[in-house]
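Listed next: structures, encoded as structure tokens.
In the two assemblies presented below, chain A is common to both, partnered first by chain B and then by chain C.
So, the complex of A and B:
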């Protein structure tokens, strides 16, 4: 396999590399994984990986101006803002862990962006602000709404995934926009980042009308530095573009568990992207679905702690497309057994009324006998004023003391709350984290245009090393030699999982904006009548009125004044 | 305001008000009644209109056509219900799962404070089943709820059948932006309360329930469906909720709009709409409809499963199918289409319903009276109390008025004795506390000593304490502070008048109907009460206009209005059951009418009773 890929990329290099002094060995791979889910839905996950053998962070004086497969727009952004690592995802819908199991690449509803900056950056906040604005332009998204009020610096939950073991979280910025709606306008710029665009290769399958006629849609871009070779003498950049879709069998399949590429995407494949060094379609056949055309190429792997078997279709080979010059995969399956994911979390707001409330985060450990720790990260906007003294963590109706708590209180209108906790989950248990909050009364200009819709609180993030199913099973039916299976293999014994809970929609006390005129009139009247008369009463000096003298007396006094004689009393 | 800062003119004004006090009060009272009755007169009311943009202009097509399926599902449900002898939980779970919903159950149990004889239940144990239709590409932040109660007997099976058929139809549509929860609740309101408390993780009423496993974010609106008969001729909309809360008027408008569109006969308070407003019959009809709404709202109970949602700021209404008008028969598919249309429009909502009125009365489905129109009726009644208070104030201050001005005269009246006023106030309120606490707590003792059931024990204890209260206060007051003076009762009456004004004012702001009904009966007698009136006659008048008799009159009027008049003895039995229902509503759902009457209105009335026997 590996040799084959190397050979192919060599061919690519021979064909496409320019006669430069140091030939850039860029690489592009594309891949589609199709997994029939237990619920009857079908999960399609695209991954496009571009490697770029340049390390501009080291040699900053030398501007990189030559781009081949790596998109220039992103390359420039990386070098301008000294980004070490960048992860951005746009998701429409919620990944239903209980029905679908774990996704290959998890993401929360809405937009999520997290960036590690290079340690030479002095003004991280400034760079972050500019970067979000630039990305907002590149992806046609409202990332410019990311500001200091929804940005946090998690201390433990988001470690760099690439080279380098940076731990100083001053260079990390994390923000989510749970309200962001993802649509075709975000898909188009994302597709343009691919070397072949949507003209050839797997990307031809990405027709918006099908991708957005689904239960779940998530597209992401991950950029990180990796090693160029095994000795790791020099660095390379890896750009991974992923797109995950779950199709609903119920609404479009009329209850039949039968799928084909054409049915899913209303397209078939005709060729691989000519620039790709590898272009493959994997189909998860662990539960023995019926496949046509069949293939003898199989691949076994431990994915997310589970041993899976995949059929592999190599699109770079002509025989995959058969005589019709088109590749349409047909899939029929039965399997209906419900799988219980080992780690699962959900969140909701408890209570009623517009004054206080309580956020409940429930984390389930479904492992029958193993306890494991999880990192819970919560970022709550400032307008929900958390009462941290009410924070409780209970498992099996007993107090569960987190071994690590990182809490950064919010500042009104400046930064959100950040709460990170390391919690040990007992086996087969439900752990509940609760914290009470008070709803703030916003200034009248701070309300969104539709304030009665409510305000969003982003998903909380549960990160964990979960003991894997493979290590759990003691009864091996697979053709494994006995000597290999007595002690569980170290690297297979646990796997990293990130679970996002649902975002929350919270109503804040909202004035009736439709009656400003009434309010103004009423206030003015109250002020005028109430204040005016009160002021009048307070400042006036009261005197007893002399009854006015009779007419005769007044006449006499008038005459006396003319005469200059003292007046009558 | 120069009017008041000038002592002369002030004196002239107060003179005028004290001299003409009685006539002005009479005019106010009559004007209040006339104003209130005028509210039902069509030219004085406004036509309803849809305020919410998201529901008004958007076109929705109704395509639901599986009426047959709904009926067969109803039959199946009926069969399983009889077999299981209650809620067929397993069958429902399977049926909902087969329709592609995420299904969860919740079990609950509740021991009532005393047996409910109307519904024959004491220890309640049940299970709610609900299925969530997950909207595609929605992040589980918003939800709509459709409920159908699983009632004993063979009523309401059609509603469950229709619910399941709708679930199946909705599941195949792709336009949902909010999750939809289909809930079948057992033991009507108790199950509903358990589910709502479970969903919001609160416990206000001491219900025991298992925690909910599945949620769908904040609920935006809810519809409750009851089809009591197999033949449905019209749909009745029920809006009155717990404590007299009403859903946003737009929900009623939505229902009315779809009834018009589909040509469905729709009623409110079981009364059809009439077009002949200019005839006496037309006016009476509207007035009756409005009076029914006032009475229903005043009693503060939830008139359908929707009523409990309102506490959680969820707009909800019940739709009840009625078999009452011959010649019009509608099929289940039409009701399904109506619900589909309503749910689709609610699904289009961007914000919670908030544009239209929350405080209104409906003389018919197409006409409404907003708070700005009905409040003056109450205001005129409240003014009487204030005028009487002013009169007393001036009277009390009269000897001291020759001193300079207002500041010193305030201290004069309270001089005679704080104790004179405080004692009756405290004693009346203690009687009120006894009325609130004792009936439920003493039921065991009462059952031991008297040959009555628990329910009767509670109600009769309440009646006994109420009657005993009449004998208590004026005697103790005499014991404590000796002979009452002329000034003493005036101060007491002044306090009591202001107290009543504030009490009724606050009540009317929250629940206009309750405030108004209480004011109509309490104001005339309290305003005119003095110790110098003929004792026997005025005591009779006071008792006949006391809060308990108000309830009794309401029972008779209500029965008259729903065209089921009752005899005196039947009325008395109804009265007793109303009291037990009131106490139960308070214990089970947190209705506030019983504590309000026991802890505040009754003591306040006792204070006036005290004045009558002042010597």
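So, the complex of A and C:
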């Protein structure tokens, strides 16, 4: 009781001694976009954005110490390692472009991390190594396996998505871990970075049992500096947390093209996050699905070269939740038409045996009359030794010479291969890039505990400015929906897209790990038997030994000795 | 007569003292101060890989669940799982790990943080976590930051044999290595008391070689015996848990943070009639009597509460950073985004100037050889013609 009273007085003192808080210069927005796909699956994309008007990298200012909406763990990481841009994603499953179209924010299977450091950093590699270790602790992932053997420095791909003019690629590092597993232990710290956690707002829907029972699940964190206003005179830091999930028509949808929030997430929305300045749900109604509850708010946006119409539900308004104080969406559709994606890529390994092979990357340009260039980036681990003289690029069965090639050969156990090419794709064609390789024999300790599973090769990245049929808007407005404002649009006639291919799984010649034991046993046995026999032959002398006579003879000899008669033989 | 009176007086005083001490010992305050630890840590390790070893992950997660429920926070738990069962493609219910058949209890939950997973669970990493000899860039969640007043619970499960425990089907840790690691921990004062539980075949062999003080050990089977698994689930297709940990979980579900259950109750968990193997324990290195050691001393967490009657003056808050208008006149020109695919720039990109490295040892050696042969053949007098 004394403790309670003291506690209360302490609290009273606290309330009276803190002054009025400084005006808030950070804001938080959340949105959910639901897009029905023609195959019966449904695509849900969550985006949470925290905008903060501060500067982590300014030395003149006092160090930032008051964090409100921006998570402190990430803020401290950014200032300690002088990070200009950070993009990290964890994905389970592969995005099927031909069936689902283009995602809002693409990501390769496994874990991907690419970082632009500030130009004041003197030791980029040291900062990169420490940054991966710190991030592995924050996200409970094995990012500490990122080291020099799987980090590359792309020379033309992965330009910064944020503000800035200097693009010296010495400050860029890119790495993927295709083997990385994504599960609840990665989602838990990701949810804890949100201002409202998983207690209010859209994050209430994120229950791992439903999210991981899907065809595709990707969670990402993107941090970059962006324009604070339309005039773009000052910078603000943007933290975007995105979660893309595609629920399967058959395993989660029971085979019906009828979905609701409850069916997808086993939860309904009850309130918006109180710390959010805007909290919206967008539903793609371009193909005229049946939607209930109906809403009059509509929004038209040009996303990925396509003009789409969205129904908007504003969760900050109480009437969205109705009488039952809960918001559940019901969506039903029948249509089958889908916009064919203009750019699509595949990759596979050809060949047989455990010595050589061939990597084929196939890029499809489905535009009927326009040709456009694409930048293909391939990062192959050192144990697949590429023969660059066998590199061929063919389009429509004719040789297609790339206008830019950057190749950095691998150094065994030190650096992977990096191949970047700018290829012009003819209209309505298929371009094939092939390169032969030889598999290396690894050292005994370099094999994983399950080497017969195979070794992964990370996805290739195809970046392109695809010509758009519909004019894109280059204006930047504050109330633009988040899903259309991720990639900055510089010109109206094309949009930037990044397509990831499948990762490859190759078998390396694997030794039989029980062999050393077998060899030692066999060798020791042979040596013991052989040496032992020789030793005996050389060092022992042989004598004839009389066997002991049988009992009857012994008895007879005894009696004869008593009688004094000569003994038997 | 004064002698008798003195003796009687002394006896009375002694009996009073004894009664008083007994009362102190049995009151809650007495027990609180007799344990001697101020914080709790747990290191929970599952060492098996592959889908058919689902039960080992379920074992570890059920102990994790109990330990979290009884109060140890995630920051004080180092959880090492050698393979992922929850999001394994063979799991018919993703993001779940069940311990009872008919999918009654999901021990994976919604709030799990695994510190070491997959290939990171190796003998080296385990010993480094115990002894604290980790590389400087290791994050805090992967470190065992215990001190000399920490009670640590260590739980190991997997496949083992007489004197060793197998890690991930490719390496082993021996009982001598483990004993030496605990000795290192003792010498560095990294624990106050340590409870070691192991659920493998022939588990008792792992604690035979311990020689550091304040260690208590429990194993699921004696040397020469196998620990058996409990029950398969036909929907999932594998055995869900091992017998010993199953009954341990059942026992721990009854324990709550204020429970008075002690170690003697823990030793009675899973007798031979239920477990088929004979669980063993070792308490000779432990200083306190096991009957006075509470289960929550190791499975729960101590929260130290200090009551104070003083008022505390808070310092003035941090000043807000310099206003934007002050530094605004430096950046008048508008900032722009970078072109994502500047084709013209890329095509005309000059190749990077490679840093000049001094010639390699091989090249130097080759040139030295050539020069040596040349001068040997033709004589030194030609040197002045060259230089």
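Note that in this section the second predicted complex is superposed on the first by the 464 of 569 C-alpha atoms of A that agree within 3 Å, B and C clash if a C-alpha of one lies under 4 Å from a C-alpha of the other, contacts with A are read in each partner's own complex, and residues count from 1 in each chain.
What we mean here is this: a contact is a pair of C-beta atoms (placed from the backbone, for glycine too) under 8 Å apart; a residue touches a chain by one contact, two chains touch by 3 or more.
Because the structure is predicted, anything quoted here is derived from the model rather than measured.
When the two structures are aligned on the shared chain, A:538 is found in touch with neither chain B nor chain C. Legend: residue contacts after superposition of the two complexes on their common chain; A:109 is shown touching chain B, with no touch to chain C.
Of the two partner chains, chain B is the only one that A:352 touches; chain C does not reach it. Of the two partner chains placed by the overlay, neither chain B nor chain C lies in contact with A:551. Judged by the touch definition given at the top, the superposed model places A:324 against neither chain B nor chain C. When both complexes are overlaid on chain A, the residue A:65 reaches chain C alone and has no touch with chain B. In the superposition on chain A, A:92 makes contact with both chain B and chain C.
Counted by residues of chain A touched, the larger count belongs to C, out of chain B and chain C.
By the touch criterion stated above, A:140 is placed in contact with chain C alone, chain B being left untouched.
In the superposition on chain A, contact of A:454 is made with chain B only, not with chain C. Residues 92, 212-213, 450 of chain A lie at the contact with chain B in one complex and at the contact with chain C in the other. If you check the complex, the residues on chain B that touch chain A are 1-2, 4-5, 7-8, 100, 102, 134, 136-142, 171-174, 200-202, 215, 217-218, 311-313, 350-352, 354-355, 405. The residues of chain A lying in touch with chain C in their complex are 2-3, 6, 9-10, 13-14, 17-19, 22, 53-54, 60-62, 64-66, 92, 129-130, 133-134, 136-138, 140-142, 144-145, 155-156, 159-165, 167, 179, 181-185, 188-189, 207-209, 211-213, 227, 231-235, 373, 375, 403-404, 422, 448-450, 463-465, 487-488, 490, 496, 513. Listing the residues of chain A that touch chain B in their complex gives 92-94, 96, 98-99, 109-110, 178, 212-217, 248, 250-251, 346, 348-354, 358, 360, 450-454, 456, 502-507, 510, 512, 514, 529, 532-533, 536-537, 540, 542, 545. Interface residues of chain C facing chain A in the complex, by the touch rule stated above, are 49-50, 84, 86-87, 93-96, 108-115, 117-120, 135, 137-142, 168-170, 305, 307-309, 311-314, 317-322, 324, 327-328, 331-343, 346-347, 349, 352.
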